[in-house]
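Below are structures written as structure tokens.
Shared chain: subunit A. Partners: subunit B in the first complex, subunit C in the second.
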Partner chain A sequence: MEPTLTDTAILVRSLRKQQGSFALHDLDITVPTGLVTGLVGPNGAGKTTLVKSILGLVRCDAGTISLFGSESPTDAAVHDRIGVVLDQVSAAPEWRVRSIGGYVGLLYRRWDERRFRELLDRYGVPLGNRVSELSRGQSVKLSLAIALAHEPELLVLDEPSSGLDPVARRDLADTIREFVLDPGHTVLFSTHITAELDDLADHLVVLAGGAVAYEGGVDELHERFAVARGAGPLPDDARAATIGARHDTSGRWEGLIRTRDTAAFGPDVVIDPATTDDVVIHLAEQSRTTRTEIPA
Partner chain B sequence: MRIILSSTTSVPMYEQIKTQIRHAIHAGELTEGVLLPSLRQLALELRVSVITVTRAYNDLVAEGLVRNDHGRGFVVRAVDADQVDAALAERLARATDELIQAARAAHLTIGDIHGKVEDAWNRH
Partner chain C sequence: MSTAIIRFARFDLSTTARTQPARVLLPLLFIVVLAATLPAPGLGIVVGAVIAAVSASIPFQGDERGRLDTLYGVAPIGRTAVVLGRYVTMIAFGIAAVGVGTVTAFVSASLRHQELPWPLVATMLLAAVACVGVSYAFQLPWFFLLGFTRGRPMIYIPVAIVAVAGFIAGRVGWLEGIGLADVLAPAPGVAALVLIGVIALLGVSAAVSVRVYRRREL
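Right, the complex of A and B next:
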């Protein structure tokens, strides 16, 4: 059965978290069941803090996080339903790959050793190696095999593709699409390489400066935004319609605009469809220039 | 049915999927009652997102070519012969326009085009 669009795997409401000088402020996020949600934003936008809050690895200062409708991400029953790929493998460096199932498998109610071996074989992770001897690509694949071997419904990946070569990135994307063959399965995928999300993500959350700059469908994002490029001073109405404009030293500027505001720009302004990168760059610029200090 | 997507054209992926399925239905390769691949299966095969295939399928439903048989999937509907004729005529008209523009740009005569079309026709 296809889930209805109102089914939610992760619901974040008014989440606040202060960490040193960095803060997540009043985040509201919905991760729909059965789809791939991409979490994008520049480094330091709060992606990892958000992912860790969702997983219950850091405590939030205020707000609620519900997973599968339950409000305690640390609950063992909820933990069983989530597969996690973080930047470090959750296995000791001296363990040999073939023995990992014997240790890690104990942490989950369902552990499918055969599936684990099958995935390692498919991904070409050498069974005889120690965890510390694996390359970056092999480590990510090992993490993915661990995450999938306990048959989760939700897969959460934090920057899994950084440091991966194009072949490994494609394998990762294929694995994710295979995972969502089951309409009850959900993926949350954080990355700063936005191009790889274009043919993978259905839903997008853009974080900038610790706040949600955009949340919605990937196709709506491309319909709603365009990029405007011009030179010289901007008329007031055009300036008001430009989001996060960046100027270079020779007087050229580039900014994000809403597609419906296209008419505010004259014929000497070039307007192109916005890529996800464009949206991230200019929403981040906007948040940087309008940021107000959040009292600690 | 083989769908092949281009990633360098400005035509969006969902549009390419939709057009190729529409052509297959019009050409009779996909006949009434045939079950299309599931949304998720096709997304996996074509390496696109689920939402992209969903959009293509929904558009085909809106065009009346496919119906969403809840619980089963997307099924090809009986084609309306007039509608197919109209669509094929339109496709031919578009291709003809393009041919003429290219021929004018190359300063060809109608006789040259006749010859070229005939050669190509016999080759196919």
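Right, the complex of A and C next:
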């Protein structure tokens, strides 16, 4: 059933975008309200291009993007409801942390300076430092404080955890969990570190080669897919049921399978539950070799 | 003027002045020094105009260093407000630069016990408005289209045009025998025509800037 706009924060339909030799192909994506949606895929899969298209930072060649029911991704009223954390903080390197609210707050109608200061204090970002003096983790926390200081309903994060240490990644995950405690709040979290989504995301979009390879619930993904591992050549009947099979140097093979196809494999093949990482790796491999969408 | 434009202009002016003081104050200081040392004090107004004309890139440089274009893109401000707010910023800077040049010219003339006739000041100010207005009208769309790094060659074009025009005027002999004291006040009709022309040009320029910046990928 087509999702309705009231339960959907972001609705992308038939999105196309060509950038040099790279292209997003007819993407259909739904980001449900109140959930954490993970946008995963290998480097170059199109995650950042998709996020930038959703935010109106780049123009799509075809298709529609609806944010809270508005089909204008550059609409200022819509952006009032969105907090954004990109891979690098958008702040001049010479700005001091304590002054940033005074500058950036001018661009937001609902800026809450007290909340901004509280978040900085909680995240331990040193107020007296210049932006250029912050560590990678502190920069991400500063971006989060900026994103959350105007009480957004939708938080969009593009690769925020790249280069973060485990403690900073845990803090980031805690912030996201706390944000979605409000049922009206939604998160779109793009990352290539899929492990961090396993106990954070409710909904998953897997991008590979500029196309959607999977979209659905995280639990459903784990129920739907498994990993088959075996030695020697991959039998023809098993090959048809295997997605993105890869051989290693010792002649062992590994591929993603649908759990319903488990019977196609003999007793010599080991079937394990698939992690999100497994799904991304094999769907990307399949996409790379066939350039086609994976059937459900 | 919409509140979004005012909010952006306040942001732009405060961040440019407070976080890039050297880039803003040095040109103004340069105007003071040059205007005070030139033999004819009235030329201080011209210096202010030329410095203002070549300074259009300053805020765009700040945008690029701080990835502020992305901040503008995700903030609830709208690209039209960004463009029009930036025009307000640049016009304010142009007024400040020409104002500093004018004040320095008067102070310098007073200290040297020289006369600075009002017709000369009026003509210089009109020329300054035309110089700054035309320069911004051509440069700003360029920077909105390409950003600072790719648009940098445009910084030098106004200087080159002034230099070439001065060279040609000198070779042709247009400036021979003309002293600053001979300059007449501009006719009211001419002054009105210049002002209306500059405003119209800036209006067209802003429309072009809005169009190109809306299409720009950030």
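The working rule: the second predicted complex is superposed on the first by the 285 of 296 C-alpha atoms of A that agree within 3 Å, B and C clash if a C-alpha of one lies under 4 Å from a C-alpha of the other, contacts with A are read in each partner's own complex, and residues count from 1 in each chain.
In this text, contacts are C-beta pairs under 8 Å (C-beta built on N, C-alpha and C of every residue); 3 or more make two chains touch, one makes a residue touch a chain.
Given the structure is predicted, the values throughout are model-derived calculations rather than measurements.
J.: Here subunit A is shared; do subunit B and subunit C fit on it together or clash?
T.: By the criteria stated at the top, subunit C and subunit B fit after superposition, with no clash.
J.: Which partner chains sit in contact with A:201 here, subunit B, subunit C, both or neither? Use first/second/both/neither.
T.: first
J.: By residue count, is subunit A touched more by subunit B or by subunit C?
T.: Touched residues of subunit A are more numerous for C.
J.: Figure out whether A:86 sits in contact with subunit B (first) or subunit C (second), or with both, or with neither.
T.: In the superposition, A:86 contacts subunit C only.
J.: Tell me which partner A:77 touches in the superposition: subunit B (first), subunit C (second), both or neither.
T.: Only subunit C; A:77 stays clear of subunit B.
J.: Per the contact definition in the header, classify A:35: touching subunit B only (first), subunit C only (second), both, or neither.
T.: Touch status of A:35: first partner only.
J.: Just subunit B (first), just subunit C (second), both, or neither: which does A:107 touch?
T.: It touches subunit C, and subunit B stays clear.
J.: For the superposed model, what is the least distance in angstrom between any CA atom of subunit B and any CA atom of subunit C?
T.: The answer is 27 Å, the least C-alpha separation in the overlay.
J.: Just which bits of subunit A does subunit B share with subunit C as contact spots?
T.: After superposing on chain A, no subunit A residue contacts both subunit B and subunit C.
J.: For the complex, which residues does subunit C have touching subunit A?
T.: The touching residues are 4, 7-8, 10-11, 14-15, 18-20, 62, 65-68, 70-79, 81, 214-215, 217-218.
J.: In the complex of these two chains, what residues of subunit A are touching subunit B?
T.: 1-2, 34-36, 170, 173-174, 177-178, 180-183, 199-203, 217-219
J.: In the complex formed with subunit A, which residues of subunit B make contact?
T.: Those in contact with subunit A are residues 13-14, 39-41, 43-44, 47-52, 55, 71.
J.: Please give the residue numbers of subunit A that touch subunit C in the complex, ascending.
T.: 52, 55-59, 74, 76-80, 82, 84, 86, 88-95, 99, 102-104, 106-109, 131
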